[in-house]
Amino acid sequence: MIRVALRRFAQALLTALAASLLVWAMLPLAPGDPAYRILYSQTQKEPLPAEIEALRHEMGLDKPLPLQYAQWLGKVARGDLARSWRTGQPVAEEISRRLPATLTLVGLALVVSVAVALLLALISAAFRDRWPDRVIRVYTQIGAALPTFLFGLLALQYIVVGAGVGKVLSGGALQMAILPALIIGIDRAAGWTQLLRASLIEAQEAGFAQVARARGARPRRILLIHALPNAALPFLTAIGVSVGALLGGSPIIEELFTWPGLGSYTVAALSARDFPVIQAFVLISALLYVAASLLIDLAAIALDPRLREAHP
Amino acid sequence: MSPVLDCRNLSVSYGPTPVVHGLSFTIAPGQCLALVGSSGSGKTSVARAILGMQGPTARIGGQILVEGRDMSRATERDWRALRGLRIGYVAQDPFAACDPLRSVGHHLSEAWRARGLSPDPAEISRRLTAIGIEDAPRIALRAPHCWSGGMLQRASIAAASAHAPPLIIADEPSSALDADRADGILTALRASGAAILLISHDLALVQRQADRIVILDQGHCVESLDTRELGGQAHHPVTQALLAASQSLPEGTPTPRHAEPRHAEPLIRVQDIARRFHGDGPEVGQVSFSVIPSQTTGISGPSGSGKSTVLKMLAGLERPDRGLIERAPSLARPGAIMPIFQNPAASLDALWPVWRSVAEPAQAQHRMNRNQQKDLAAELLARVGLAAIDPEARPSELSLGQCQRVAIARAIAARPAVLIADEPTSALDTLSRARIGDLLAGLVAEGMALVVASHDPWLHARLNARRVEVARAAECTA
Amino acid sequence: MTRSWPNLSPARAVAPDALPGAPDRRLLKRLWRHRSGRRGLILGAMLLALTLLGMVWTPYEPDWPDYTVALQGPSLAHPFGTDDTGRDLLSRVMDGAHRSLGAALAVLGGVFSIGLVYGCISGLARGLTDTVMMRLADVMMSLPGLVLAFAVIGVLGPGFVNLLIALIVADWAWYARLARAMALGARDRPEVIAARMAGVPRWRILSGHILPGIALHLGVVASLALGGMIGAISGLSFLGLGVQPPHAEWGAMLSTQRLYFAIAPWLLWAPALMIFLSVLASNLISNALRDILAVEGRR
C-alpha cells in the first residue's frame, strides 16, 4: 500500500512539473514581444528600441528557451512570481493576501455540497421511486440545468439584493463566505446527488447486497454498510473534478460575489493581458488541483483494497 | 418428520405469462433436493420466491411453507426473521457475493451483525479453520479478490450456515468454479447438516450429491424422481437431454483416436505448440493435433487454460513460442480460415445491416455491386436458416442465436476450408444451442474442417469431435 | 465512473467505458420512445427553431436602442420587457441564441474532430508515436479545463473566437484519449478480426468498421457535454471574455443587465430562462441516451 501511495506521489510531482512547463510556455507562445508590451502598458507610449532591448536583457529573454525555463522555475520555487506588468507590484505578495479568501470559499462550498449530496442521495436511494425520491429528483434536474454562475446570480439577486439578506460586498471573512458557499454548494450538489444516487442504487442491486439481504440484513444497514462505501469511489472522483471546476471557475464566481480572492484578481488581469498575474493564477490552480487529485486518489486507495495492489 | 420446506402449486410471474407454473415439492430435514434445468427454466425464480426476494414486480401463486408455516401472506418483516436464521443462502459467484471493499472476515461476521449480534473474532477464525483454512486470523483480514474462488465459496457457505439454519438454498454454488472443485463445495454444504435446495444445470454433479431431483423446463416440473432412479428407466426427453449434456463422452467414441483411416490430408498440423504468459492472455501448455476436412476437432479444458489462444495461433493471429504449425498451401489465400466468436451480438458490426456483414468477406475476394452483395447475403442467410429475417436489420434487432447464425453465414461467405469457433454456443439458450450445433454439423458433413473450443460437452458430442485437452501443464492428449 | 454531470468542464466526467452500447441509426427513434428523451427532443427542437428564426427574423432590431421604451416590464409588445437602452429582450435572446448555442456546437465540433483524428492516429500507430502523443495529452489533462481556458485567453487575449479556441484547447485531450482507447481495442474486435482473416484491405477495415464506430461513439459523448458547454460559454461571456458589445449573447446579457436588478428584475429572466432551457434539454437527452446505451451494453 505504501509503495502504491509513493508511486502516486511521484506521479503527482511529475504532473506538477509538466503543468509548470505549460504555464511557463504561455509567455514564449504569446504573440508579440513581451518586453514591448510591458513598456507599452506601463507608459502607454511607443517605447524606444533601446529600452526594449534593455528590458529583454533584464528579463533574460535573449537567452535560450531551456535556460529561460530553468531560471523561471528557480524563481518560482523561491516564491518569486515576478511583478505585475500593470501595477509593477510583486505578484506573490498580492496572491498571498488573496489566496486564503479563495481557499475559504472553495473549501466551504465543497463541504456544503458534499453534505447536501450525501444526505439527499441517501434519502433518495432509501425511498427509491417514492415521494422523497421524486422531490429530490426534481431538484437535481433543475439544479443540473442551472450553471453555477447562473444559479449564483439569481440567488444573489433575489436573496441579497431582493430580500436584503446578507451583504453584497464582503471582506473575504469566513462568516461572509457562508452565503456564497451555500449558493454554490447547493447548485453543485445537484449533479453530485444524481451521480451518488445512481451509484448507490447500482450497489444496492449488486450481488453482495442481495446476499446481505438474504442473510437478513435490513435495507438501511445494506445502504450504509455496503452501498455507501462502494458508491463513494465514483463520488470521490467527482469531488476531484469539482475541485478543478471550482478553481477554474473562481474568476466567474468571485466576480459574481465580489469576493476578494485569486479569481477576481485574475479577471482584471485577463483583459489587460497582465501575464505574470495570469501565469500565477494558472500555476496556483494547477498545483492545488494536483494536490487535491493526489489526496483523493490516496483516499480511494485507502478505501478500496483492490487499488492497493501494485500494478505492473 | 415435518418437511423443512413445502412448496405447493407454486407459480411465479413477472408479466402476463408465469415463469414458474404449479411447482410442488417438499424437502425433509437434512435432505438435499436439486432443482435442475437449463437457463431460463425458472429455477432461480423459485429460489428467490423461497427467500421472499422475488421483487416488487413479481406475483406469487400457491403456497410456500417454511417449517410448516405458511408464508403466502408474509410481510417483509416476517421474511427477514427467517432469512439467515432459518434459511441460508449461497450465491453462484463468490466474488460477486462479497463486498469488494471489505475483508472476508468482515463478510463472515456480517452474518451475525446483520442480526444485531456481534461475533467473537475467535469464533470467526474457528469457523474458517473448520472449512480448511490455515492461519485463519491473518487470512481473514484479506480482501476477497486475494482469495481463490473455491476457498471464498467455502467461506460463503460458512457464513450462510452461521446460525445453523435448517435449510440452505444454494444457487449454482459451483458453476463459477473449476469442475473438480464442485464436489468439494457440495460436500462442504452437506457437512453443515442443513437441508439443501440445490439449484443446478449439471445433472451429473447433482446425481452424485443430491437425494431427490426435480427437473424444470420452461417453468414446468417435467419430472420428479429419486436420485437412484436416474439413468435407469425411461425418462422425459428434457431429462434425457440434460443427462446427455452433462455426461462427458465415453472414451474413444465415436471417432477413433489419432491415426486417421480416411485418406484426407490434414489441412493444419499442430506440433507441440506452447505459449508463455505475455502479459495478456493465458499461457498455453504443449498441444499437438491435426485439422482434417469433414472432421471436427474439439478443444476443451478448464477456463483460463488458453483454449482461445490456441485458436488464435491456428488462425495466425498470434505466434506460438515453441512448436510448429504447418498449414497446407491451399490455406495461404485470405478467407481460407474463418472465425466464429463467443459473443454473437458483439461479433457483428453494430452499425451495418446484416447483408453487408454477410457479404463483406466475398466482397473482399472480388468486387460486387450492392445488389450482387444483397443477393449473395440472401442466399447465405437462407443457408443458415435465416431466410425469414430482414437483411436490412441491424444486429441489435436480432436475437443472440440469430446473430450467431449471421456470423456463421459471414464465415462461409469467404468459402473457407477451415472454420474456427470459440465457444460458439456459450452465450445461447438450449434451443439456439441445438440449432447452432446442427448447423455446424451440417457444414462439417459438407466437407468443412471445424475447430471448436468449448467447455460444453454436449457440443463436442453433437459434432463428433475428436477431443484435444488443453491444460496449463505440459501434458496433452489427442 | 459511468456518469457525467453538468459542470464547467464536461468531457472529463465521461470515462472511456462510459458508453458500452453501440449506438446506431435507430437511436433517434428510441430516444423518442424514452420519456425524458422525448421531452428533451421536443424542448431542443423548439429552441433550435427559435435559434434559426432568430437568425433571419426578430420582432425588433436586436441591437438598436430606442430610449423611449427603456426599462419596460414584460408586456404584449415586449414579452420579456426591454433593457436600459430600450432594446427588445425577446429579440435580443433570439438573436443571441445562435451565438450561445452555435458557440457550444462549434467547440464540441472542434474537440470532436481534433480528438478523433489525434486519438485514432495515436491508437492505430501504437509504439513510440502513441506514447509521445499521449504524454502530451496527459499534460493537457493535468490542468482543470477552465484554468487551461483562462491560460489560453491570457495568451491570445479576450474575444469571441479566442474564447472558442480556449475551450477547444481545454477539452480536446479528453476526447483524444477516448478515441485512442477505442482505436486500441478496435484491432481485436471480432468483426475486425473476421474482416482481416477474410482478406479485407486495411483501409477498408479502417473506413468501414473502425472509424464510423469511434466517430459515432465520440459524437454521443460530445453531445452529452453540450449542456455543460453552454454553461461554460455563458459563464466566460459573463466575465466579458466572449462576445463584445453591442452584440447579444445570453451570458453577456446577464452580466450587463444585472446592474439594473433592483429596478428591473425582468432583465435577467429572458437570458436566464434560455440558458436554463438549453441545458435542461441537453441534460434530458443525455440522461435518456445513457439509459438506452447502458441497457444495450448489457447484452
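For reference, chains read A, B and C in written order, and residue numbers begin at 1 within each chain.
FYI, a residue touches a chain if its C-beta (ideal position, glycine included) is under 8 Å from a C-beta of that chain, and two chains touch if they have at least 3 such contacts.
What you are looking at is a predicted structure, and each value in this text was computed from that prediction instead of being measured.
Across the two candidate interfaces, A-C and B-C, the one carrying more C-beta contacts is A-C.
Relative to the C-alpha centre of chain C, the farthest chain centre belongs to B. Taking the mean of each chain's C-alpha atoms, the chain whose centre lies closest to the overall C-alpha mean is C.
Note: centroid distance chain A to chain B, computed from Cα atoms, is 49 Å. Separating the centre of chain A from that of chain C, both taken as means of CA atoms, is a distance of 21 Å. Chain centres here are Cα averages; for chain B and chain C they lie 44 Å apart. Across the assembly, chain B contributes no residue in contact with two or more other chains. Residues 1-3, 5-9, 12-13, 138-140, 142-151, 153-158, 227-228, 230-232, 234-236, 238-241, 254, 258, 261-262, 265, 268, 272, 275-277, 279-280, 283 of chain C touch chain A in their complex.
Remark: chain A residues 15, 18-19, 21-23, 26, 29-31, 141-142, 144-150, 153-154, 157-158, 161-162, 188, 191-192, 194-195, 198-199, 234, 237-238, 241-245, 247-249, 251-252, 255-256, 266-267, 269-271, 273, 275, 278-279, 281-282, 285-286, 289-290 touch chain C in the complex. In the complex of the two chains, the chain A residues touching chain B come out as 206-208, 210-218, 221, 225-226, 229-230, 303-306, 312.
Chain B contributes residues 51, 53, 80-85, 87, 89, 91, 93, 96-103, 110-111, 114-115, 143, 145-146, 156, 159-160, 169, 279 to its touches with chain A in the complex.
Residue ranges of chain B in contact with chain C, taken from their complex: 315, 317, 333-335, 337-339, 341, 343, 345-352, 357, 360-361, 363-365, 394, 396, 400, 407, 410-411, 413-414.
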